[in-house]
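Two complexes are shown next, each including subunit A; its partner changes from subunit B in the first to subunit C in the second.
Now for the complex of A and B:
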């Protein structure tokens, strides 16, 4: 973990190389967990696509492109933050990386195993290494099970402990997530939202996984409780060297937790880089607008904000879309943006951006926005 | 427009629009009445945007519902008054309240999909408000609705007029809701979490719109939200609620710089805007959680979670006291100034 700062970044670009051996390992049918060495890429996503059929009559079968051509890697012990608005494909990526959905194209490698090539049994074994933390702690827990059974279940399913050990294992888990020991005989409804989320997290880390996908784990919680859960996430990462895929629409949370950040829009990654790249040196017009839109705490006097607000809402991504995904809302879009899909290119040091005009400065954008609103007013 | 200036300006002329005074509300549960709001007081000046913040279960929405007279059957006002433009509205009958709702107080709710009738074209829904309050005639009403749609920034008003709610996006639906709320030109808008269901880029548009309405029409807004960021974007003054009580109220800049109530300080510390410095530090948190209805302690409601608590906090409810211009705090041992600064570097300098 020496080149820590670079580690997240340096592993971003080199996608197809060096995966041949691991690929082979997976094909021979052994679930091989590659240990040690320098900051390895625990999770590798390559050209991932996921389409959903929306049905329809005969030839009119419509396809929703939930995820298109997404590639990134996550180094062990690091946090990859995925931000984007509703419908941008964040959660689909979460499901794909856990093997809960099969990709339409591309592949997902976790600890050197291509998820698509694993048998059911192998996938199940690998699931010990990768666990989800879901958004809604109210529906994630079975209301008819006691905490003892909820937290004991992973050990039983994966046969890693016998019954006599269970009690103490569950108690250790409760202690780990700062819940009282006597919680063991209670039911989920006897806990508050924050405590329930602690239970969900305890269940996720029960088998000491290496990779945790947290999909909007805070959005159902109150602000003061959110901070407690964030601290818990950080503590667990420190203790077990956990690797997180942290999915959230909340920019400040992602900024706080992530080492590497990916920004999604309509199923595509539009920007990818280290936290500082994305938050201090945003180069895609959408990232800029997203940052400008997020309400900052502090008054306007304290936080000088540029008005960089977008018009309209994100459209749905259906088949037959051409050009840049952001073209309908982008203030600087030109004819080229409607014809050509911009390449996902490196601006240097693995700061990747998908925009013909990147890097785009805030000044250029705000001027373009001003011009647009002036035009809109004259039309009225 | 600087929000702070706006608020001081309105205060100076003492143009009060809404005055909530010592409002208490009780819920009847199985024959027993449990207090859910106690002695809530705040006011709203003409053209002022007042943010009401707090966590879920703090009584924010209930306060809003009490103002517009939409409390449920088992909920009633047990004390205090609500005065709108000099008229006491808390004691009006439901028939009289009906006339006020929509015409003098407009409402915007959180879920535009739930609040709109899915079987009715949106144009007709907005027009309905005009019909109910007998504004204009058949011809002028349609023109007025189209005018409203333009005002709230709905693209292509004529097309929208004929569409159903499901054909609109979330942001557009919220704009329709706002158009509906503005239809009868009310002096006061009550917005209950108007942007919670929306994406950030759309949220920014709606907040812009609220500010624009205030500036152009001089409408006052009570903005109920859990999001400190939203408040700091648009509000002039902030009312912080906890467990059914107002614990602090102050102009927005004053609150963000000099919050005195330990709960406000904790709430601001837990929220991290763009200003936080290091990611390695632990986030400051408030331990525990909001008490539920019926388990609010008899002393200060925040006492069990408060680090500053002293003996008197357990036994007696703290009275509201003025600690600065328009700055009111209900606390026996408020955070001393200068406290650690929330923004900028100086955590260590106190």
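Now for the complex of A and C:
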């Protein structure tokens, strides 16, 4: 666990404290936000683990490790991009950081508050500071409510506005996300997918939170609409100094939006670093394979090379799994990788990689892939 | 040229006739509403509709068949063993049936739905306890419990309502529970929780509106069952007490004369059948209307 703590303490952004936020806090009289030792770290995740019991009557200890030993910090006003394939635990991390799920192990700190130590009421109050933007704008809005009620609900829940103010507040929100003001009396089904996602975003930022978790917010949208929503995210971040946890499997979007990127595989963070570290200087075999699979995204160096194909599907990480999570698909895996879990090592300047052989060069990796395919052919 | 004009004209007329028939059938489907309306009027103003006092005995005119005339009096559906007018008693008998059915459905529906929504929304042991309790209640034989409660509290309409509500709330709880579990997993409900909404708010504004439609259908169908149950309880003497008229007690009074004076039990039975059927049909119609898939 020691190696992970090193990652927890590392702040990857160097933004000044959020003093602008504090005067807003004083004005609106929101809950007291205890500032942590490092105030620039708005969100701090330490050794986070989440296990799901698969149940089972005869085999009692079937536990799925959705998230294991994940640590990272997000600086205020910055965007942390989380990439990884389906089932890698990205969404679970999103829910854990919002306190919508309780971690099996580890700690989540938001604005200096340990979510696990808060009472139910304190957690409800803190929710003004952290909001989700969900994947599917079609199911995220209550179809029986009008826009007026959907966007007014945050103010009612936190009692920050009386009924007379509500109307203008909702109109301001509509304007903020570039929707017409007369949309106020419409129902969600009267909007397009992109407009609905704007509503979802408006609802999330209604109370001017500091931290927004966007869980694949673009995956249900047309490509043409995606760009508009991305720009909306950018605009809101500029305006309100928002901190994003941006979860996506779309590498180009993550590259465009993120300051810091974490790459997940099977519930573990395998690489963590600044955007340039991860995209231009990928050091984990999985990250390189991931980048190589999206030719438009990789650096020239990667695109020129042969694609690094991965074979097989990721296994289920159940209790009793040992070694590196990537060992079953890694082209350069050796016996050591099946026995020892690799440390999350710092390659310098907080570029963290969980691989025994890191940094792995692309040449080594593609040669290993070639050797493997040649071997497979000769066996045929 | 003229032929080409005739054909569409003929087609148009035929479709309009079909449309008319279709519309008529659509309206006629709602016949149960008419019966229920009549029943409600009878329950509200029995003295206006009933030709005679239902409790007025006339020993000179006992056990007379339908259409019997006694002086100026005309007993359309005959008289019973005490010479009381069967028609008037059938009309007066609507009230206990309707009142008991509606009140029992309201009490059982509101309490059962609330418990079901709570059980389906709150994760953890509370929901399991409520639903296991509901299963337990459903496993108790209805008449056994009815006899027990009435024996303990004494026979009266209020106690009939108590019994019916006690026995039937799990029906609503089960429907509400199943629906709430499904609804509470929706993204929109999660987003309300993520906003910091309290449990009651989530239930009231996000879950209740979604589960209301099936509950209304169940409640309507239950009114039909409750009418029959009330009659059954009155039949065995646990409900409405004589001489007050009710369909169940009329059935049991007429039972011993059924071979010689069939009308005493037949007409209240018929009224019971028609009303229960209408309510059930109405429940089906409401389900069709509320379910957009059909």
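Some points to look at:
The definition used in the following text is that the second predicted complex is superposed on the first by the 330 of 380 C-alpha atoms of A that agree within 3 Å, B and C clash if a C-alpha of one lies under 4 Å from a C-alpha of the other, contacts with A are read in each partner's own complex, and residues count from 1 in each chain.
Basically, contacts are C-beta pairs under 8 Å (C-beta built on N, C-alpha and C of every residue); 3 or more make two chains touch, one makes a residue touch a chain.
Model, not experiment: these values are computed from the prediction.
When the two complexes are overlaid on subunit A, subunit B and subunit C sit side by side with no clash. Of the two partners subunit B and subunit C, more subunit A residues are in touch with B. Within the superposed three-chain model, A:292 lies in touch with subunit B and out of touch with subunit C [touch as defined at top]. In the superposed model, A:128 makes contact with subunit C only, not with subunit B. Of the two partner chains placed by superposition, only subunit B is touched by A:222; subunit C is not. Rounded to the nearest 10, the angle at the Cα centre of subunit A between subunit B and subunit C in the chain-A superposition is 80°. Using the contact criterion defined above for the overlaid structures, shared-chain residue A:142 touches subunit C, although it does not reach subunit B. By the touch criterion defined above, A:161 reaches neither subunit B nor subunit C.
With chain A fitted onto itself, subunit B and subunit C come no nearer than 13 Å, counting C-alpha atoms only. On the side of subunit B, the complex with subunit A involves touching residues 2-4, 55-56, 150, 155, 169-172, 199-205, 207-208, 226-230, 232-233, 252-253, 256-257, 266-276, 279, 282-287, 289-290, 343.
Those residues of subunit C lying in contact with subunit A across their complex are 186-198, 201, 205-206, 209-210.
Put simply, subunit A touches subunit C in their complex at residues 98, 100, 123-125, 127-128, 131-132, 134-136, 139-145, 153-154, 157-158, 200, 203.
Here subunit A touches subunit B in the complex through residues 85-86, 192, 194, 222-228, 230-231, 234, 249, 251-252, 255-257, 275, 289-290, 292-303, 307, 309-314, 380, going by the rule given at the top.
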